Structures are given as structure tokens and as C-alpha cells.
Amino acid sequence: MTTALDVQSLRAGYGAINVLWDVSLTAPTGKTTVIVGPNGAGKTTLLRAIMGLIPITGGDVRVNGRSLTGARTWDSVADGLVMIPEGRMIFPDMSVDDNLMMGAFPRACRAGWKRNKAMVFDLFPRLAERRDQIAGTLSGGEAQMLAIGRGLMEQPRVCLIDEPSLGLAPVVVDEIFRILAKLRAEGLTIVLVEQNTSRALKIADHVHLMRSGRVVLSEPGEAVDLERLHALYFAHDDAA
Amino acid sequence: MRHILLLAALVVAYAGVPLLFGGTPYILGLIVAALTIAGIAVAWALLGNLGGMVSFGHAAFFGVGSYGSAVLSMKLGVPVFPAVLLGGLAAALASVAMLPALRLRGPYFALAILAYAHIFQILATEMTPITGGAGGLLSIPRFPVLFGLDLGGKTGGYVIILTIVLLSALAYDAVRRSAWGLALKAMHDTEVATRVVGVPSTHLKAAMLALSAFITGVVGAFNAHFISFLEPDYAFSSTWTVLPIAAAIFGGYRTVWGPVLGALAIYLLDQLLFKPILPHGHQMVLGVLLCAMILLSPGGLLPALRRRSTGERHAHA
Amino acid sequence: KDFLLGSELPLTGNLARVGQGMHEGIAVAIDMANKAHAGTHSFKVSTIDDETSPAKAVAAVEKLIGEGVVALTGGYGSNIIGPASEAAQKAGVVYITSGGVTPDLTGRGYKTFFRINNTDGYALAMIGLVQQMAAKKVSVVYLNKEATSNLAKQVKETLGAKGVAVTMHEFDGSTSDFKPLVNKVKLQDRPDVIAMVGYENDYVGILRAAKVLKPDVKAMVGVWSLATAQMAKEFPDLMENVHGTSMLPFPVEFTQPEALEFAATYKKLFNKEPDYLGQFGYVQTRLLIDAILRADAAGTLASGGLPDELRKTDAQTLIGRVTFDAKGDNPHFTHRMGQHQGGKVVLVWPKEAANGAMRFPATPW
Amino acid sequence: MLTLDGVQVNFGGVQALKNASFAVAEGESVGLVGPNGAGKTTLFNVISGVIRPTGGRLTFRGQSLLGLPDWKRARLGIGRSFQIPRPLGHCTVRENLIVAQRFGAGINDPKRIDEILDLLGLRDKADADATGALALTEHKALEVGKALATNPSLLLLDEVLAGLETNSKRAFMERLGAVRDRYRLALVIIEHDLPTIAALCPRVLVLNFGQIIADGAPDAVFRNPEVIRSYTGETTL
Amino acid sequence: MIELTLQALFSGLLAGGYYATVAVGLALVFGTMRIINLAHGELVLLSAYIAYAAESRYGLNPVMAIPLALLVVGTVSMIVYALLSRIRQDREINSLILTFGIGIIMTNGILTIWAADIHSTTNPWFQDSLVIADTLFAMNAEIVAFVGGLALMAAVYWWLNHSWQGRAVRALSSNRNAATLMGVNPRQTEILSFLIAALLATFAGVAIYTGKTVFPALGHVLTVKAFIITVLAGMGSIHGVLIGAVMIGIIESLTVTYLSASLQELAGMLLFLVVLFVSPSGLFGGRRALAR
């Protein structure tokens, strides 16, 4: 089993505020790694740091054995490391269609844009209906679908997903988890941040619990017990 | 301690400067010109910082104020001081014509105001019977002699414009500290969110526009009576927009005194230092200065000085 | 003895070009005076750029007076000369200029204000030429600035009184495409002559539009910087046959020794042929220097005798005879009209000054 | 208290609301659910005056809201939150509430502001910059706080619980209930989390394609086949 | 008089072409970096002066001077970009002031190097008239400028809307972080759009040199006009620029023809205001979300 993503003693934050305190975790190739944790634990910050959206102040991130130190976001993306951010990170002034086309921007994905777009429209018919609408006027849930669809256009090899079910109607959440299960079956490396713990655990190969910028629990998916996990959410930060 | 310093500054400004430069009308004239720019700069910064509206057309208010006051005093015989206030009022009234522009944001607003300035200038040129057309108005009444002080002279003009600038800055400060100021600050980029908690944002912005226009109009009226001459190209010249903006930003437009400091610094440096050294290219130095300020201390001169003296960073607005 | 003169001129801003021209003329006058009086007197001029701004012109005048200048020569643009000369009047210092022609300036009756040219002189020349052409219909195309519209209106009134049909077309300084305007003249007015009153780039614009539209006119006439060597050189194919005010022909055919020396000095200092701006600047400064020397000799210079001495002026100059009336205006001022002919400027009006035949009807196309 | 009668909203070709009619009584709590893009947020925008309906009527306490600008509606007692938090620019948390209180409620009552801060657990963030240093939960709390500071009688909350982790969600929900009871507010809340809705609201409205397709008690509504097909899917209470 | 009207419309169209070629570079940078480059007019002017220098000194046809002008204007553009990219705080207003300062420096630099005289091409071909159907008159220079400008604008339009890089440029301006997540290299992309703006400025400069007169103060005039048209068009809309510019050109020439040439500026301004009040984000401004 190879390691697709290897985070070692990572430190990062926003300006003077440090958020991540020596975070270490790994995501094996072809498996689904789930990160859970209370609000403000630093999950999003971790994903951003991996992608290079915020500077890393300590530690290292390796993707397929290569260190990302000094690498820029766009280089990582070209190498197949993709993040699906929450729905606010769409291109608000562009049409739905152009948003999706931007997903195919990395050179390797350009050839397949037709097929991929058809697939996205198939998954989210709502987006097909709204393909010419300016993305900034989409409803919250529609924007979330767009962010996911756009990420799929990027043909990820390692995919970081931040709370894909946020603000979506229950039927669509079902659909999202079906997609995730399918991607997992296809052998994609997934790092999933999700608040909907019970559903996330169902597709998890491995689970990490983050709290206050630290990883406080790492277990294989089948070993995790929901009750215990929730208890840990609440436990006081003895380390802090 | 603060109060003593303040008092000392006031004494120096009101008594020291005229005593020192009373004999050199050239220098005093430059200081008056610099303070004229400072007055507009304060008004511009008030609109820009509190109202969140960048204007490229303050020349419109300046021109309307100066023409309003000049025409009132020349054609209707209104005494100069009331005429100056009425000139300010005329500029505030002119800002009412600009209310539709409040719907616009950012560069859209800035340019709409510029268009207004142009229109007012053309009106001043075309309304020959009232404004004297392209030839303008000559021999506009000067400020009168009051309490033995000839306010029409350089020293008198200095005292008047100094007072106008001080009062404007105080008004700015008062608004900024009020609940209105807080609401205005809150409106930046989040106007809808501010409205749904009950803030009548358009009214507030209109009030800021009118206040800014009023101050600019008064400054324009002062200038008309001080130099005793007007013509459309001069009264509505883009200089009255460009220099105050440069001054406000150079000095730090998010502070109350930055624009004043900026105007004095830019104008006096340019005229006293750069012009003698580089008679033709001195404006180039102004350009270099502006660029350097933006790159080295984007908050402006005043915040930079404060940082140096206190070692602390100052917050927004 | 050393004399310091002051000069306040637009060297930057909208009027930079004309300001520079006058500046050169002043420099030539100073240079020639220093040569003529070498050993006895010397002259210097302190120049301040007014940046084409009235307030800065006032400041400049105050500064120069503060430096102790004997008198001021310079100024361009009536709107700037107005306040600037007012500041000079207040200090009792002579201000002599050729840069502002509106009647308002001399209308103030200042004791210290002098000028060697005026709107009347330009209007006379333009009207004279148009009459020489026996034009029945004239279209005046003019810029909506003070000096230009005053001149245009004067031309209209005088020609109108003489039975010429005149139509007026005002335009704005920002106009860059004159085709609609010229087309209107071409199709609606059908004049014999198009008279233009504006600045250089307006002329280029109007002439270009006319060259494209080819209105059925017999002549194109203008004032100010039109019949100049500079224009002939920069726009050879546009200027052919165009008429404009010009004191001297080009290449300059000087006969008087003063004129020859002027041209030589100009060439030496600036390495180019003098143009009308330089001439005016030169003449006003020479007259000023003469008066200064007279006042100095009479011992009245320090006691404010310069204005009176200037008023006594009666001289033949490069621009003809100059005297000053009580208001400081030069009643003798009449301009001449030249025509671009094959890269040269030939004087064609008045008859006395003409050094060649007027080509008529003739247009650049 | 609030009645909507045939409210319509069109965005170009899109009909975001067609003929929406319902009423909310004083002190009543209503859950508003429906598929994504059903028009829920649009409905709030119409009620709070952020957008103008293309047709229909709406009244608040007998007074027509049509033609009334958004800020006047806030002063009448309609408070709302935004789905994507919108803290007021360049202000601290407390200043956010001060602006809302001064302008929305027309009073100056620091005690009440402290009360709201406590109630929403924002006390220790009171002087933090509202646009920068807040976590998601705190942003959502602030949204509620701004609305509360205007002294509303009707509170419109748009997905204030979304994205919260289960425990925080439960805690926040309890706070909301307490706030509502404390100030005797009428509440309309948009939420995709069915148990939360069921716990907070005795009545649920379901919107689909801009139309109200169900209205009633939660268990009844969530058993409606049309609601299941279009909205809840496999998820049950 | 139908002839008068037709010529007025034609002249307005051609004038609009000039306005558009000047404005489109500004609009591109405005649309892609949300930066109003107040030195854009000076860049255009610089190109015109390079053409002048090449023609007067080496007798080069102005069109042949385009590569040289492009080199100079492109280099200056890169300096402007390098300075702009150092701005961290209050980007919108500070970039305005920075480019304004650069504009002052350039205007005075041009004044120092080339003096205040007016210049235009001496090549007679550009001034020769072209007559269409005996009623429509134009200068060759105007036709060249119009056709060339149109072709360039069409190319830029296509690039921005249908090419991968062009889309990336728009994405970057819409949401910078999200764009990098799509693999967009921001710096490279911005430099590209700056260079294309420089190309447009170069062309516009040469077009103005051949069809109009140039003088140092012109840069500022061009910037203001271009800025107005850009705003009229709406954020970064290329076809909006063309339509807005032609609207302004035509309204101006109609005003000259039927009212007075001294009112043409007024007419343009009024048109500008009317459009903005009807549609606050310009003719083709993107509709942004109201409230979520």
C-alpha cells in the first residue's frame, strides 16, 4: 500500500494566528480518508495548507513521495492534487458552464472536457438546467453542486473534499454519498472532511479526528465507534 | 499634556504663521493654496472613508460653490461671508442632482460624478448671462475688513481658510465618532446586510455626499473671493479633483488629519522644493512621490508617522 | 548696471507650447540687449512656470516681485494674465505681454499693464483678407474659449455689417473629429471661405476633415499658429494654400538690420527659424528693456517711473509700429496675413506688406 | 402576523416563486424546507425587502409591506439572517450589534447587547473583528445576534445550523429555542436537517419549484410521498 | 438632409472605433485584475510618439513602427505590472493612485523628450480620402484604424470568452483563490493580459498618430475617455466597449450635426449618465448576486 498524501508535523495559520499545531496524517493511495472534528478544529485550514493556499510555517507535505515545499497551488493541481472547496469558492461572475470549463483547465483534463461535463450534468441535472446562469445568483445548494461538479471536471488523482453535503437537501446528500462511494470503488484517493459523521464513516477506510489544530485520533474506518468518537469531540483539550 | 500641545499648535497656526510669513506674500499665498487643497481633501476623504464613495468629480462642488458665491455677491449684492456659506449650500444642492449616482458603486460612482462635473462646467460656459461664459468673472468682491483686520489680504485669507479647514476636520471627526459613523463604516461592501438591520444606507450616503459637497463648496467660494477671479475652465478644473485626492491619499485618507497634512506636504514640497530645482519636470517628482508612498506606506504619511512615533499599528477608519 | 526681469509663463500644462514660444523670444531679446550694452548694462530674466494655472501665475508674480524684478514680461492666456497682472498692478510693477488679446484686460485701465497686440488687430487682418477675396459667404468655425469666441464674434459683426453672409459654428476643445462639423458647413452653408479660430490641433483637425470632404470653398483662413514654419514642416500636405496671420514671411526675408540680428540670434540659441510667438515675445521684451534704460537714465526707475516711460514708446518693431494708449493697449496693432505656398509662407495682406501673389481660389486639396 | 398572498418572483426566465401564499401567526415557529433552489432564500429576500416580488401581496401586522424599503421593515420588527454570513464590514462583533440596535430598534441599550452576546455564546469574541477571526459557528451566531439586536418580533433564519457539527448543532438549537421563548418571537427557519426542524417547529412548510407543496406537522409532512420524492429521499426523521 | 445624417453616423462610427481601440486595453485590465490603469492613455501616447520618432528620424511608415512601439510599450507595461503587483492593501484605490502617478511621470517624460509640439504622420496616404458611394467620406487612416481595431477586438473577445487562457483570466478576477485551485498561475495569467493590453495600446497609439494629432497632454484625455467607455460598457465586457464607444461616437457626431459642436461633450456625458442610471453596472455588466 503506497501513501498518496503524507502530512508531517504541519504548522500553518492566518498571519499571526497559528491554527495547525504539528498535524501529522497520511492518506493511502486508492483509499478514502475521513477527517472529522468540531467546528474551528482546523480541518479546512489543513486542506488549504496542503493546497498551498496559505503558507506552511513548519513541517512538510508529501504527495506520492514528493515534497510540496515550495510548490505552488497550480503546480500541485497540474499533478492531480485537487481540492473541492465549499460552495462559496465558485466563480461568481461567470456562467455555470464557464465555471465547469474552468474545472477542465489543467492541461491533462482539457481533452476530456466534453465527456466530463456530460457526466457532471448527468449527476446534477439542476446544473444543466442552469448552465447559462451567472453562478453568483445560484442558490446555496446549487452553488455547492457546482463546486463539486467543477472538481470532478478536474479528473483528480488525489481529491480533498471539504464538507460536500453542506446546505444540500437530503435527496442530494444521498446522491453525493453515492458518488463518493462510486469514486472510492474506482480507486480514487479521497480525503474527505465531513460533519455528517455517521454517513462519512460508512465510506471511510481510515478516520482522523481533529481538535484545536491537532489530530487526536487516528483509526481504521471499521474500528471506529460513533459514540466514542462523539465523546472525544467534547473532551477537553488536555494537550492545550 | 495633549491639550497644551493642541493649544500650542493652534497658536502657532493662527499667530505664528502669519507673523513669520506675513512679509513674504508669496509663501503665505502658497500656504493658502495648500490649505485650499486641504479643505477639499478633507471633504473628499470624508466621502471616501466614511461614505465608501470614491469621487472623481469634486471639482463640480468646488466650481458650483465658487460660482454660487461669486454670482450672489456680485449680482445680488449679498455680503461676502453669507455668500460663502450660500455657495456651500449651492454645492450641497448640486449634490442633490447627483443622488441617482448613489445607486452606483466603485468606479461607476466615481465616473458618474466626473460626468456631473463636466456637465456643470459646460453649463457654466453656456450660461453666459449669469456666469459670464468662457470669459468668466473678474473683480469678484474680496473679503471685507473686520475688526481692523483686512480679511481680503493674504493674512486674512489665511486665517479664513485655516478656520474652514479646521472646522471641516472637526465636523469629519464628529461624524466619524457618532453612531452614523459606525453605520457608515459598517456599510462598506456589506450594504444589504446593513440595510436589513435598519440602516437607511441611501439616506446616510446622501447626507455624506451633501456634507462633503458643502465643505467643498465653501472652500470653492472662499477661493473665488480670495483670488477674485473665476472662469469655467478654472473653477471646474480637474486640478480641484486630482490634487486633493493625491493629497488625501498621500497623507492617509482614513485619518482625519492625514488629508490636511498631505495637502500641505505635497503642495509646498512641489512648489517650494521641486519647482526651483526642476522648473519643467517637477510634476514628475510628484508622480514619483505618489508611487513611492503607495508602495512604501500604503496607509499614507500620517499613519506612517504615527507608527514611527508610537510603534503601534492603527486600525481601519 | 544689472537689471533683473521677471517672466511668468506656461511651460507645462495646456498652453505649454505657446508659452515655450514666447519664452524663446524673451531669451533672444535678453541675449541681444546684453550684446548691445555689453560693458555698461546687463540683463537677466528669472522665469517661473505657471503650469497654465491662474493661482500659480499669481504666486509666480508675487515670488518674482519678491525677488526684486524690475518688471515682468510674459504671460499667456487671457484667463491667466488677468489675475497675474492684477497682482503686478497691486505691487506697482510693470507687466507687459502679448499672450492675451481680449479687450477685458486693457478694459481694466491698469497703469502698469501693457500689451502689444489685441483682438482688433487679428480681426482686422482676417476681415481684410476675406474682403480682399471678395467673399460673399463665410463660415466661421471657432473654439468656445474666451479669446477665440471674442475674435470670431468680432469678425462676424464686422463682416456682417459689410454685407457678407456669415454663419457661426462653435466647437469644443475636446473635438478631435471635425468631419461632422465640416460636412455641415459643406452641405448647409456652402461658403466661399471657411474662417477658423482655434489652436494648432484644431486647425489640423479641421483641415484634415476638409481635405477629406472637399467642401466647395475658395479658401481656408485662420489666425494664430497656422501660417508658421513649424506647421509647414509638420503638415506639408495639409497646409498648402492655407491662410493665416503671420507677421513675417517664411523663410524670413528680413531687410532691417534688427530683424536680421533677431533671426540670427534665434537660430543660434534654438537652432530653428523664429515663429510668431518668438517675435511677439521678443518685441515686448525689447520695448520693455528700452523703457527701462530710458527710465534708468532719467533716474526714475526706482521711483516708479517705468510705466510712464513705457507709455512714451513709439517704435517701429518687427510687428510694426507700437505705441501705448492710456490703458496700455497698442492701437497700431494690425496683423498680416500669410499663405502657405510650397513649403513657404508668403505674405498676401495687406498690400503694403505683401511679398508675393495670393493664390485664390486655392485650397489644400 | 405575516401573510403572503400569491407572491411571485421571476429572475429573467426563472420563476423562483410562483404563487406562494401562507400566513405566520404571532409567536409561531415554522420550518421552511425544500429542495435546493426551491426558492426558500428568495422568499426571505422578498419578506425582508431585499428583492421586490414581481407579483402578489404581503402584509405584516395588517400593514402592506409592498413599497416599504428593507430598512423600514427591519424597524417594523422583521429580523433576518443570511445563508452566507454577512458580518458588517470593519466592525467588531459588539459594533455589529450596536449598529443593529441603534438603527433597527432605535435604542441604545448596552445591557441588552451583553445579554444577546451571552445568549449566543459570543461574549468572549465581543471585541474581535467580525470579518476576520470568527469560526463558522460564531459567524452563524452573529447572524442571529444582528437580527435579534433589532428587537424583532419575527425572526427569519436561513440555514444558521448548516455545517455545524452534531453537538454544536444541538447546543445552538437549544439556544435558539431559548431565545425564541425569551423574547416571544415568531420564527421562520430554513433548514435541511430534519430532526432539527422537527424539534424546533410544530409546523413545516415545504417549497418545491417556488410552490408550497405541503404544510403541516413535521411527521405528517415528511411522510407525504411528494415531499419524499422531491426532497427527503431515503432520509427519514 | 439624408446625406448629412449618413455622414454623421459614419463619422460617429469611425470615431467610436478610435474610442474603442483605446478603451479596450483598459477594459481588459479592469476586467481581469479589477485595476483601473490610469496610465493606459499614456501607454497609448507613448506608442504614438514611438511611431513619430521612427517616422521623423528613420522615415519609417508608422505601421512598420508597431513592433518597435510594442517592445517599448510592452516593457513599460511590465514595469507598471511589477509595481502594481506589490500593492497589498486597499488594492482598488491604491492601484488607482499608483497608476495615476505613473501617468504623471510618463506625461512629463514625454514632454521632456519630445517637447509640447503637436505631431502627426507626414505620410500623405493616411490622409487621403476614401469615398463610399459618393456620400460617405473618410480618411484612409480612419478606415485602417477601424478595421484593424475591430479585428483586434474580435480576437480579444474570442480569446477571453472561448480560449482556455482567456477563461482563466476571467476566473482569476472573479475569485483568485478558486482560480489557483483550478491550476491557474495568477502571475503568468495577469502578465499575459497586461501584455495583450499593451498590444492594444500600441495599436491604438499608432492609429491615433496616423489619424489624429498627438501632444503630451493627450494621454490623460485618452485615459478619461477610455475609462468612461469601460464603465459604460460594464465590467470587462469587450463587446460592450465597442458598442458603448460607437454609441458615444455617434451621439457626439449627431450633436455636432444637429445642435452644436460645443455641446458634443455634454451629449456624451448625458448618454453615459442615462445608461448608468438605467443599468447601474453598465451596458453589459455582470449581474451579481443580491443576497443569499
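Chains here go by letter, A, B, C, D and E, matching the order in which they are written, and residues are numbered from 1 within each.
Note that in this section a contact is a pair of C-beta atoms (placed from the backbone, for glycine too) under 8 Å apart; a residue touches a chain by one contact, two chains touch by 3 or more.
Small disclaimer: the values here were computed from a predicted structure and weren't measured.
Chemist: Return the chain label for which the distance between chain Cα mean and whole-protein Cα mean is smallest.
Modeler: E
Chemist: By mean C-alpha coordinates, which chain is most distant from chain E?
Modeler: D
Chemist: Where the CA atoms of chain A average out and where those of chain E average out, how many Å apart are those spots?
Modeler: 43
Chemist: Centroid of chain B to centroid of chain E, CA atoms only: how many Å?
Modeler: 31
Chemist: Mind checking the centre-to-centre distance between chain B and chain C? Centres are C-alpha means, answer in whole Å.
Modeler: From the centre of chain B to the centre of chain C is 37 Å.
Chemist: How far is the middle of chain A from the middle of chain B, if each middle is the mean of its Cα atoms, in Å?
Modeler: Measuring from centre to centre gives 52 Å for this pair.
Chemist: Quick check on chain C: which residues sit in contact with 2+ other chains?
Modeler: Residues 12, 144.
Chemist: Identify all positions of chain E at which a residue touches two or more other chains, and write them in rising order.
Modeler: Only 108, 111, 262-263, 265, 290-292 qualify.
Chemist: Residues of chain A that touch two or more other chains: which are they?
Modeler: In chain A, 137, 139-140 touch at least two other chains.
Chemist: Would you pull the chain E residues touching chain A in the complex into a rising list?
Modeler: Where chain E meets chain A, its residues are 164, 167-168, 170-171, 173-175, 177-186, 235, 286-290, 292.
Chemist: Using the touch definition from the top, list the residues of chain C that touch chain E in their complex.
Modeler: For this pair, the touching residues of chain C are 12-14, 16-17, 20, 144, 169-172, 174-177, 179-181, 183-184, 187-188, 200-201, 204-205, 208, 211-214, 230, 234-238.
Chemist: Within the complex, which stretch of chain D touches chain A?
Modeler: 11, 14, 33-38, 40-42, 83-84, 132-133, 135-137, 159, 162-168, 192, 194, 230-235
Chemist: Touching residues of chain B toward chain D in the complex: what are they?
Modeler: Against chain D, the touching part of chain B is residues 179, 182-183, 185-190, 192-201, 316-317.
Chemist: Which residues of chain E touch chain C in their complex?
Modeler: The touching residues are 1, 3-4, 7-8, 11-12, 14-15, 18, 108, 111, 115-120, 122, 124, 127, 129, 137-139, 212-213, 215-217, 221, 249, 252-254, 256-257, 260-265.
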